[in-house]
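Labels for the chains are A, B, C and D, by order of writing; each one numbers its residues from 1.
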Amino acid sequence: MRHNMEVAICGIKFKNPVIAASGTFGFGSEHAGYIDLNRIGGIAVKGLTLEPKKGNQPPRIAETPSGMLNSVGLQNPGVDYFIEHQLPRLKGYDTRIIVNINGNTEEEYCMMAEKLQGKPVDMLELNISCPNVKQGGMAFGTDPDTVYNVTKSVRAHAGQPVLVKLTPNVTDIREIAIAVEEGGGDGISLINTVLGMAVDAKSRKPILANVVGGLSGPAIKPIALRMVWEVSKVVGIPIVGMGGIATGEDAVEFLLAGAAAVGVGTANLISPTACIDIVNQIEEYMRINGVEDINELTGGLIV
Amino acid sequence: MRHNMEVAICGIKFKNPVIAASGTFGFGSEHAGYIDLNRIGGIAVKGLTLEPKKGNQPPRIAETPSGMLNSVGLQNPGVDYFIEHQLPRLKGYDTRIIVNINGNTEEEYCMMAEKLQGKPVDMLELNISCPNVKQGGMAFGTDPDTVYNVTKSVRAHAGQPVLVKLTPNVTDIREIAIAVEEGGGDGISLINTVLGMAVDAKSRKPILANVVGGLSGPAIKPIALRMVWEVSKVVGIPIVGMGGIATGEDAVEFLLAGAAAVGVGTANLISPTACIDIVNQIEEYMRINGVEDINELTGGLIV
Amino acid sequence: MKGPELCKVTDNRLIAGGMYKLRLEAPNVAGNARPGQFIHIKVPGDRSRLLRRPISIYDACHKKGYVEIVFQVVGEGTRLLSAVKTGDFLDVLGPLGNGFSVSGDTRHLFVVGGGCGAAPVKFAASRFNFTGRTCFIGFKSGDAAYDLQEFENSCDSLLIATEDGSIGYKGLITEVLEDELKRNLPDLMLACGPVPMMKAIQQMAEKYRVPCQLLLEERMGCGIGACMTCACAVRDDEDGFIYKRVCKDGPVFWSREVMLDEA
Amino acid sequence: MKGPELCKVTDNRLIAGGMYKLRLEAPNVAGNARPGQFIHIKVPGDRSRLLRRPISIYDACHKKGYVEIVFQVVGEGTRLLSAVKTGDFLDVLGPLGNGFSVSGDTRHLFVVGGGCGAAPVKFAASRFNFTGRTCFIGFKSGDAAYDLQEFENSCDSLLIATEDGSIGYKGLITEVLEDELKRNLPDLMLACGPVPMMKAIQQMAEKYRVPCQLLLEERMGCGIGACMTCACAVRDDEDGFIYKRVCKDGPVFWSREVMLDEA
């Protein structure tokens, strides 16, 4: 029996639902030394900004129980450099390319979307978890009106389908997701990292130079699953679910909760073969449980 | 050298900063079979409601990576039964008794506070993570105005100092904490559990009958530490920090981040001796690191 | 009572398909263990799994200071338990819970167990040491049956059923039980097994008016009665039902009071 | 390149206070290992600790297919590593990073190591196998010194310092180094050790105009260059400095380019 692993998100076909999550897979070239990039569903590249960005002071990573904190601070070479130097190599692979964009203002997001128009990119991923300079440091992603506006503007400037990536650091993820849908967003990816902190009792110092950072990994899986489930009940656009996925079963849990595809982040840091391992484990799950088409799983939770 | 382990919260002296967190220690009698209750700083009893409460359907507990979910649903015998049957035995111990109260409306909180006036109880803990019936089921603890009002009303009806226990499921914990301080709350305890969910890929069902539940344990420690740190920067009232504390070093991390005392929750479920183990480990930390007075640690993070 | 103890494993072996028997050097547990009680075991070798696993006591020897359990590998916790070797240590809390209660004037006892649920009823049969004990045990197939000699030694009459008929009666053990109940009624029944089996036994206990105790399973936290996570619905005159704690009020309940559909 | 491999531990022993030497059967790693490179090891026996631990290669034998590391117990990960026994398996990724680069016309080499930082420079000294290698190693005290015979064999001249004078020169190894630099200058220096030592060496390299490479440590995620968590500040004409990746652009950097105060 052949299992169908293909999924479509916003009309774009992915050969399987496993997408390397932004910031954990660089621009693919490092992992290409370990796995065949043609075998994964898609790659969300490292978050880009309009101008190159230095990033935060080290230490930028801390280990926490079943999780990790990072405070990379969006270190990246800028969108122009990406288009010129990284994209040509990436487009040689038979996988979907999702470009994660980050602005300080609504205009910056739009300018980046425009620069990417007509480029060999399959989707944009609007990361609205970064500090919004105009709104006094409040993250874009925490206010429904701001989310609605930025989604709408970028949608108008984008040449590709737009996924909006949500931060979990909000009181009600549903109202944010609804704002994305109303703003014309084509899909939602969630969750980004949860704000956290680690302290070294001996030195009495925070472990990260930045004091706080983003929590990711299996520790946050229950939070992510809950949010995917909540959002899937209130929007009709597809969801790329992520947060702590480390095995094929984890991925299946997200599909059941309502995701059409999944993102794999921290697991790529633990093993460079994680994405392929997870593709294989999902296939194994389908074989054992007699699932012929992966799309049967999406939203298939029995409650 | 004698180490001083005594802390004062809202003018009440605790012989050490370790408090058994509400809902994980019942009314003390089960743990009394394993440890000497006179040796812990305080006990926050199982959350009480005005009327007895049945609680949710089982399964009520699920294991997650370095954490657990619970959906007990506040099963308790009601405040009157507590006063008549459990309090007399509890007051025989030389430890501080904190009564965790839960209302569906502001009035219910106030009625409970009044019933506890003049009773041998050291503090009230206002748990505002429960659904606010008047506001259509939104939790009390997620809106600053509601938090201000309920704090102010209960403060007016309470005979003991009032700690307000905050839910972490909010966009900005600081504005909630400020509302508590402005409403006259004597202290803040945080964090309550993080909303989460667990799915069984094989049966395709949620593990909890209630579908979602509260995440606790080491997995959430980075979130809790961050919130204690954030809140300690914006309020002057004392903080009881909790979330994932499993060792004396964990407790010290919370003190450094700004807590005056700590709550130990999930660890009591893993080992009934956890609270005493943690008291001993804090003492050991103080000895090794030459800390004479535990109060030196509070807010002592070097940034 | 004592807190959790590190106990040395003195044996751990596969005794049937997916089923292990593990022996612990645990004098404090063994000294107090009563049939129907359980021990609460920390998962070895994986600190990301916080919760202890409740496993019934299969045998306990006060004099030699050991305790035995029989468990089935169903998930990662029991898989890691199955990999434990002689000489390793397990972090154990117990004995916990209320065991079966068999009054002194019981003359005729039926114990009924299915799969790993046969383990605690074996311990009951062997401890309540009077003549007149019939033991009914059921398994999926012969591959899943274990330690039959031990069961034989623990009672006066042993009846076995397997679903595929590879050993004993072909069918469900509850069918064998009902045949027996038609012919002669015991003073008391003790049972443990999967929920459908327990439901069938509950109905028979009512139909034949035999007092019956059921050992229930439920996901647990503390195991000592403090966290209220291990709820099971028990009939209550005022409220219809109330939730009791499997760990502390049970795990053994009177069949007539538990509501297996709510649990 | 290959993904992570399970490698058998063939030896693990305490060789000085808190310091262990561990040997792995790892033909794929051994075949490619260059001095200055590291292996990235999953913490054994604790799945709640996700991140791998980077440890420098101390020795590698292509023919016999083994790799050796020397590590100091500083936290829970290294403590669990120290408890690993012969026959256990470790999950290892590597060799990773850029090693030291020693050009063919190097005639006179100084290698300088402090504490566990002596391990990678030992491997360098033994591999770049020409005469004219002086090895400087420093420890807190004689208790912390390890494998001195091995160091002796790996170079032409070995100089040791301990802070308490229990072995060799009493004081810091950088003092011994400076004395030597005053008398004769090597073509190249390679160094690894605690940050204050690295800073002192950086200054000497500048003062005496000796090309020098430093092996840096930083907290890491992936180890392969993808996550940008292992930043170290490197001088840059346009921007003052830019952050490079210790794991992939390093861990070896030219002394003149790294800014140890930013890192």
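Just a few scattered comments:
Convention: a contact is a pair of C-beta atoms (placed from the backbone, for glycine too) under 8 Å apart; a residue touches a chain by one contact, two chains touch by 3 or more.
This is a predicted model, so every value here is computed, not measured.
Chains that touch both subunit A and subunit D: B, C. Among the other chains, the CA centroid farthest from that of subunit B is the one of D. By number of C-beta pairs in contact, B-C leads over the other of B-D and B-C.
Distance between chain centres (mean CA atoms), subunit C to subunit D: 56 Å.
Chain centres here are Cα averages; for subunit A and subunit B they lie 34 Å apart. Centres computed as Cα averages put subunit B at a distance of 47 Å from subunit D. Look at where the CA atoms of subunit B average out and do the same for subunit C: the two points lie 36 Å apart. Of all residues in subunit D, those touching 2 or more other chains are 47-49, listed in ascending order.
Within subunit B, residues 65-67, 217-218 each touch two or more of the remaining chains.
Chain-to-chain contact here is organised exhaustively, every possible pair of chains being in touch. Those residues of subunit C that touch subunit A in the complex are listed here as 48. The touching residues of subunit B, when paired with subunit A in their complex, are 64-67, 69, 142, 169-172, 194-199, 201-206, 211-212, 215, 217-223, 225-226, 229, 244, 249, 252-253, 256-257, 285, 289, 300-303. Residue ranges on subunit D touching subunit C, taken from their complex, read 45-49. Across the interface of their complex, subunit B is touched by residues 1-4, 42, 47-52, 93, 218-222, 224-232, 239, 242-243, 248, 262-263 of subunit C. Residues 23-26, 30-31, 33-35, 46, 54-63, 65-68, 70, 72, 75, 207, 217-218, 266, 268-273 of subunit B touch subunit C in their complex.
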